[in-house]
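My structure is below; once you've seen it, I'll send some questions.
Order as written gives the chain letters A, B, C and D; numbering starts at 1 within each chain.
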């Protein structure tokens, strides 16, 4: 078996990703939440306060990152995506409306996907990759990504290393995510809509993520961290992000990279198998609706 | 850009706030809970045991605080608000009934707001600020606050530093709150109504709040802590509050202040921008009900 | 003001209480759960494995305790209550069926209460006190307790020190409980019925309870700990109970007592005020159903 | 009383068990989830990435384990069960479809059970024991296990040591499980279907499990740990499993064994009482539906 090369010799590769969701995941629960001023302000904190602080931190530590932005959010705040690109980071596609694909028809998903692409085209933002809203891809999602010329998706979880998918509309890299490397499960709290119910100390979250990054070096994994500016942009949590990055840099064998660069390396890696997705055949007598 | 001055040179400003809710948030779930004696006694602990202990602690450590009291609670316990003011602390408006504004009509919200104001007027308590029940302001709330001559609101979350709002009925300061600086998410537990489901160790809560206060010094923030006497009045939790205050005092560059004093400083700060709230325009085709 | 004497000079008094619920709280969710063998076995662990281990631990450390037993449980396992009394501990009344009083009519509550009393009378177990199922007393509960000649209740939460209630049917002592001194919130987990969803490490629980016991010495409180044999009878958790008791004994100024002895001291304490319960008058226009 | 011998002189016996559920518990919530690609990929990680890593870890540390596999999963991945047996571990029966028996008729449970047995028979996998899906046995389950010639079940919780059941269809050993020795409660998270809502740091989980294993030595218990490859197969969590096993090995008096070997020792232990299950008689007037 050929050795893989996507990691460039690093023991683990870290992609710091920020999902700049702003109000979109709340509005996806129902338009009426637009009238809840406190909740809207809670979400607005992300692009307003969180993103600039995150950009400063990344600049200070000189590590690259990837920002997944819903098209609706980029449209609402015209300078936002450009301000990220200017600092040398990648902006990627995170749907238009942040409604989960699993709640839409195939046509609805396509329309939402393409509307997002159009926003970035109008803003002159080059897009290489996609992440499904709520990490809720359907079997149609990977082909949509390939068909529109993107090189990677980052919404699936069948591995903790990049893998390649033959979508039928072209080959893409999958940069897998995981709930345990997401700040939402640790920090998100809102009573209405109920998006989470427990707020964990960043001290404990840092402990968990350090342990994961460290352990991933044993298996040469992709440490694909997903942070939300409205959550991790807060001071105590951002200190935990800072400490995590410093820990990773201190290890000496962890490479920090943008998603598009990891995807390119994965697509160029002859040792990574590329396979079509195998759709499960389910007997309705075994699993009813 | 002019330097801001609202902080008076401190690295961070801490406002210790206590929401003296007593039975009101439970009754807001339904009048029938008044018949649940154990639950009513659980809430009564706040004004009966928690508030006197908190007042003693604040006196001992010589730090000022702000108590947000629903009008209904002040009415039920006639000497309560006065006992707080006598110790040099501020009493502020926390609605009449503790029903969230997002669950009321605009007229209902106004009536509830004004009924609360009347209670404090009758009791001779001077009111400078307001906090919405459940941190559930509507777009009407800030103007209500300004119209009644108050100088600040403390229910929004678009920043972690004070900001100014042109409400249309006058300019007010917003002293933003956040779920992670609230003891409810850490301690509140009741099976019926289900107001919370996890009870965290105060040792961990102290760890989180110390980390946040410390980190806020990097960004010159407002550490606007929200505590509930029926929760944080319990012995082990009050020790955590004591340790937190002592930690803040020991830092040497954190200023403890009442909300009204922070609001006055913010309103007098020429470097703080004052803007009208920008209401989101939502396309019903993108976000259905 | 006279000094209170109920504590006998101790800085804090600890009542170790064990609610021997067995299957009863599960069956109160619906009789159908009797068919769920795994769940029934989960509950049976309490009297079968937990209680004997707890009795051995208490004997080894020579501390007295109080066991609250539903009448139905005592009836199902005829020797259970006697085996507890034989070891010098108190058995107290914990309803007949463990259905919460707030879900029953006044007549239903009375019938359930009296059926429980009859079980203990038939078994020759002397009963001095009562704890409402689910800590869900109604305003009728204290008078029921007094009317049947008991000296105390342990279901309310308006203080963390004993207090006296003039019930109309006689004076009783209230030994208040609290959710934070209950192992259910920390350990209970069942998917169906969903009785809890998080399992905390006993190391953290011990940390929290030690902090509470320590802090209670500042305010001369009653550390009224509520444990369930089906939960805290498990090895790692019982080690935490052992460590907690050893911590309390080591403090030197904490007294361990049975509930009935604390109640007797409270009732004999001339400095404890005895008051009727003040039922809240609720305006239906303020708090609808 | 004769001393028991099932433990072979060890202070505690540890059975490391892995429930290789893959997609089955999700599909049991509804066939429609098969269309949720992200969720399906989340579950596929178990057999694809988790199982090989776990096998390597067990080999490296030279400890035996037991893998409970739903028949449907073994059928979908024909080489899976054999790859486990080849490494010297045991494969056991974990239903066909992973639908909980408590949600099926008696006939439905039997059909599901037998279909699972047939899969393993066709694959030449020798089966000695069974674990009910979701740990949701009915009173019919133990007899089904005995009737099909298996020697043990591992789904009940009435003790933390093995016990023997006279099922009417033969005697079996019960190797009890418990929610606190399951990684699901600590790590499982999915928003839809909502299979869990909190993700705990493996550092804390290790702390809890070490404490339990250590404490079990006082009572000569069975440390019957249940792990899921899609959960504990992730790097940071697998490090916690590694550390736990190393801790157990280091204690010197803990024996690691396959379930079938513990069951055989229990069935051969003359000091273990064998009793029929006592079905509870429930008065419908006490516990309504």
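Methods note: a contact is a pair of C-beta atoms (placed from the backbone, for glycine too) under 8 Å apart; a residue touches a chain by one contact, two chains touch by 3 or more.
These figures come from a predicted structure and were not determined experimentally.
**Student:** Taking each chain's centre as the mean of its Cα atoms, which chain lies farthest from chain B?
**Tutor:** Chain centre farthest from chain B's centre: D.
**Student:** What's the rotation angle, in degrees and to the nearest 5, for a C-alpha fit of chain A onto chain D?
**Tutor:** My answer is 90 degrees for the C-alpha fit.
**Student:** Mind checking chain B against chain C and telling me if their interface is mostly the same residue numbers on each side, over half, or mostly different?
**Tutor:** Different: fewer than half of the residue numbers at the chain B-chain C interface appear in both copies.
**Student:** Let me have the rounded angstrom distance from the C-alpha centre of chain C over to the C-alpha centre of chain D, please.
**Tutor:** Each chain's C-alpha centroid was found; their separation is 34 Å.
**Student:** Taking the mean of the C-alpha atoms as each chain's centre, how many Å separate chain B from chain D?
**Tutor:** Those two chain centres are 48 Å apart.
**Student:** Hunt down the residues of chain C that sit against at least two other chains at once, touch-wise.
**Tutor:** In chain C, 197-198, 204 touch at least two other chains.
**Student:** By the document's touch rule, what are all the touching chain pairs in this structure?
**Tutor:** A-B, A-D, B-C, C-D
**Student:** Which stretch or stretches of chain A touch chain B in the complex?
**Tutor:** Result: residues 23, 27-28, 30-32, 34-42, 44-45, 48-49, 53, 72, 76, 96-97, 99, 187, 189-192, 197-199, 201-204, 234-236, 238-240 of chain A touch chain B.
**Student:** What does chain C use to touch chain B in their complex?
**Tutor:** 102, 132, 134-139, 141-142, 155-160, 176, 178-180, 185-186, 196-198, 204-205, 207-208, 211-212, 214-216, 218-219, 221, 277, 279-280, 282, 284, 286-289
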